[in-house]
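In the two complexes that follow, chain A is the common piece, with chain B as its partner first and chain C second.
Up next, the complex of A and B:
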């Protein structure tokens, strides 16, 4: 590690009355807070509260209109991430900033500001290996990023900052793609580095558990303004929540109705599929989901869950086995989907379930636009009917959009997920639903909404297959939990009898 | 009696080899340039126009100075100027680089025809060839093994480029910009700068290819001299999977296939002459079909290629 150049304790970071406007819209107003050297500082707030904007000001993406950013006692003019890097500030973004076509080693090297003109790979590799020995987790250096799962990509992002020897690390929801064990491992390791006064951390998170376990201080934003701050040990989670939301708001939680699961709807028999690189990623999965139950697939990302979901939504050809629905073979054709009413909520819905440049209404109508009642006489497309239909679901599912004609790609993540959910579950005719990480990166309100929709579907007799990397979420929702590891199912139990420690062990292998 | 006849059927592979080295060189230079351009995430269809400008400039400078090397350099420079225009055009918001490229083809060829009118008649000093066939008494072998130094330059360029992409700072920058511009920006890399340099360097190579056409093979300035080679080079890059060394093999294959028709004609097979002349295209289609499967993703394609902004 290159720990030679900088002084040992991290510098102090202070924001004084920072204001950022975009035209007439004020994203941040008079925001002040201080990250003391060697502390773990949480930045809380709902989606749209201005957390991302404020950290982007620190990183030099945006120039603040007013106020000062003080690093190590002097006001700094940070104009680019490169300037921030020189001050020892690094950031791990919510969206990945690794280059997919490059290897892990190339990505780590690329981030170095002092990257030599000519790269001596032998030397660099030995330096990287040396660095990895001190790192909290391991990622294969030769692997190409595009072959890695989300969790592993996130690890590369964090490793990159550690490799750059950043002393103030800004993390934007870093654990949303990690298993609880991985999250604890990563945050625990950061905590130790903070305790050793090697690092200050500013973390944006939605998870109170992480705040109470790892953080020293919090700053809470609401609608771009400072809504509260304090030491974590002096505050309760409900106090934090009420500062965030403005008033005490209660999540509407639908209770799991006591149901006797019905007939088997979705059945997988020895399903096999390859990864993008041609190596088998799903190695014979057999599983059945009955009406009125949620079967949760737990597992560390990259163990074949993504490939399995892609087989079920028709994006990836199965190399073996079969999928049956209601006893009949199912080949994911549009006709069969319509006949059996099998719906999917894939991960990254904007990429996997939407046409980003088409309007919200058109996206909501993707499954039904060519059928009555949306199509005139079942053949002619009707813009007005599609729009009216869209408007209805936008309202019912509370999708925040400028209108039914706005391109769905311009919506925030939570609202894209709501629109897709409206399409898949809205009509209420679904017999089975496959959902993959449906709450990834969403705020409390959106997560609550999606959970209640999934439970409502289950209570109405839908067979739900839920793939989720957040184990707490999975255990809260599922009736039966299975663990996927190395492309195989290695554990199965009803959730009431599930042993968390055993699940963790099976996930880890 | 033609050269090939004296060797009988042996004339065919020798003519194909000669064609691969001689006819493949412009493909090699243009596709290497296009490979660099596309790795940075932009397409430059305008290389067809650059080829014509390069051919005309090289010929004109060689006529006027009597020095073909000065012509070569001038052609590269002229290519860079055109490349710069394309770089500026293609990076405007909401401008599609394919459309800008087509505009550049028309602009480049129009400009070349306009200034080139006066140079159709005069004879220019040609680039020298190196005789590798001195050991043979067969004129066919001697002519096949007469190789322009630009071929070796092209070979060196592709191997250097391979190394450049893997083991230099700027090579990694080009790949990062081409695959994920946002990530590159996050690291403080100037996407505009990297792309502009890549497009200009690529156009420089295409300009040299133009000089090769007018100053070596076929070695005269006419308006039809490029014959779509700039466009074919774009296909060659896809064919080579954005791998510079792959561009070398693809260019040789294409150059060799081009020589098949004339070679067969010279041994007396004149039926299907036009069919054999189409062999490079048929071959390309065949190899494309055989190497593409829906199971593998198109490895090597830069992620930002074809994306707007």
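Up next, the complex of A and C:
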């Protein structure tokens, strides 16, 4: 496209003592690192360590208060993502920036900064097809974004940057929505482009596996400051973890008590449901979950897991089949939920489980507001009790919030998840739990906390159905694993007997 | 490059001993009840913001309207003085204002309550005329009964008619996904057409020649004024309805359901709330308010059902609901202000040679300014809570 301004190899990117303050809060202080041309560079840090802020400075969203950003040997004043684009820097965001109502092709074309006033669609399409032939993965050009699964959307995001000819690509937790296979595919392809010296990659990630497998160099931030840097091959994961967390942490496997599962709690019989576009997405799923066991559903995103969870949490009508709880039909009404004590940890808790503009206390009260002690005589709601109840769970689950009256939408992702966890698991009365990607996008401490809560629930005899796109996490937590593909369950085995290769093959179809 | 280290991810990444599983709460209901509400110092900035922004919007609207009347050759300050005088200056004019405020207040609830569900319903006009029509019909059916019975029957019929009118809007939305704003707007025309049809045919009093009307409710069966004033019972109905609506939305479990559905329907579904039922009941309650306004107009003002019922109170109610930011208590105050404005329409013509409709221009300017000001929340750093 504008290759005339491009070097054949990616430019060098260097940050020198970059400082960014928001009011009295210092998000980044004297951060320096260098992304050499044609390297795969990892940026590691806990939530709130300032990783996103520093890359937003590179992209021109924030202006650094101090320090220099040097691209191709010259200090640059990057004021907007457009400036960054002109320098050949592109970013793939953690949250999707594609337009859901438009097709893949329209989204790719839309991204061109030099888009003419009148679009010659025929020419654009032929150029796109040409580009896709050399692209490392394929996405149907005519498909509407809203019909695509998360993994495919992510691919469109990356394709967009490649189409823009970005030479330095910043990836903000790109694999958090992908299956391990998809992640390996995407990152493997990036790696090859890096090896060919076509691309430099700066990746923000939480996953050590990705760091050790794909990255050359690493920069670690802690509390906005540089906490460590070096070549990946010189460092062990526990060294990286200790730099990140600020203290030496021992590696630990998830320990599960041996437990004999009890009676069947949650039973699905030939459940069917449609996707948003009216095509059947869940095509007859039968499954049972017993008390005291975690059944994990593995699968590539977009194979009906989301629809299945939405059927179970009442957000999507089933078109067929039956859900039974403790032998009785279950229709997700409030009375049945309360009677059988079925709880849910959905993915994207702010979107699925919270009213963002209502207070933290009100959100925590969502399950119990119509019962004593919060409700008086079943009809009047006591503000002060809602607040007191909220404060109690905020303290117990260590939710960081300005107060129980703060809108929950203003909290960070990990704290929203903690508040939801407090509501769903806090009372300790759950008999069944449906959890969907509960650790998505959270830092180690929060992930650890959620894992321990899930296991504690299982040990207390809760029947847990876990849908998770992180296969390692799924295998570590589950007692029994099933694989979902094309809306059907295609594999089932106790986790001890599970064959990982076969799981992978079944996931791929 | 290093060899991949699958499956060790969690192992190496996790931290020191896992938090203990939490014990079930030991606090008992009583403990929670005894706890005192906390200091709410954190929230005062947003409260000030909620006051300053609409007041600022009104100030801007005053300036714009002033410019408008100035271009029409009138002195803006004299016009404002006249409006004030005609609306609030004397007991008599204030009574006139309150008479107009009553139906506006009730109509405002028809929009303000569904807004809490996230529905923009603008069908107050239709609900009002249907309420008035049905109240008249019901009142005429029991016209021989004592006055109180006639009035209660009329009020009940008016509320049921208005409630059913907006219930249809809610049902279309919930079951068929029909846009509630469009359907309620169109239902206004249907309601007005039904009223005209009725008073021109089966309800028509043959003696009403110039303005086809229903048979009249006898004078002695109508709502009486309050004491020696010109103000009728409608204002009491309005204020009570607003207070009840406020309590319903903010202090009851049903209101919590309304607010949750309005804030995020997915979270409401996850909690097992009966979204359909709440939507229909809420729409019914919302429609009952303008329905009652129609009854008041017939039973206290006109004594008959005719096209005079359709005098834009419903649309004024939309304006009030937005001005009051859906707060039912604020609807009371704002309705009185707007009632005053409407009451002063005549004086603009008499004293300043401006057409009656000038006051509608003012209303329109205020509405636009208020809608625009909604976009300013959170934009002024002075109103942001300081981070602790």
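The working rule: the second predicted complex is superposed on the first by the 496 of 509 C-alpha atoms of A that agree within 3 Å, B and C clash if a C-alpha of one lies under 4 Å from a C-alpha of the other, contacts with A are read in each partner's own complex, and residues count from 1 in each chain.
Please note the rule applied: a contact is a pair of C-beta atoms (placed from the backbone, for glycine too) under 8 Å apart; a residue touches a chain by one contact, two chains touch by 3 or more.
Note that the structure is a prediction, hence the values are computed from the model and not measured.
Per the definitions stated earlier, placing chain B and chain C onto a shared chain A by superposition produces a clash between them.
When the two complexes are overlaid on their common chain A, residue A:380 makes contact with chain C while staying clear of chain B. In the superposition on chain A, the chain among chain B and chain C reaching more residues of chain A is C.
Of the two partner chains, chain C is the only one touched by A:237; chain B is not. In the superposed model, A:85 lies in contact with chain B only, and not with chain C.
In the superposed model, A:276 lies in contact with chain B only, and not with chain C. Of the two partner chains placed around the shared chain by superposition, chain B is the only one that A:93 touches, whereas chain C remains out of contact. In the superposition on chain A, A:116 makes contact with chain B only, not with chain C. The contact surfaces that chain B and chain C form on chain A in the two complexes do not overlap at any residue.
If you check the complex, the residues on chain A that touch chain C are 23, 25, 180, 206-209, 212-214, 216, 232-233, 237-238, 241, 245, 249-254, 313-315, 332-338, 344, 346, 351-358, 362-363, 365-367, 369-370, 372-375, 378-385, 387-389, 391-392, 396-397, 402-406, 425-429, 444-445, 447-449, 451-453, 455-457, 459-460, 472-473, 475-476.
Those residues of chain C whose C-beta lies close enough to touch chain A in the complex are 1-16, 18-19, 21-25, 27, 29-30, 32-33, 35-38, 40, 42-43, 251-257, 259-260, 263-264, 266-274, 385, 387-388. Of all residues in chain B, those touching chain A in their complex are 166-170, 172-173, 175-176, 178-180, 182-184, 186-188, 295-297, 300, 302-303. The residues of chain A lying in touch with chain B in their complex are 80-82, 85, 93, 95-102, 106, 109-111, 113, 115-121, 274, 276, 278, 317.
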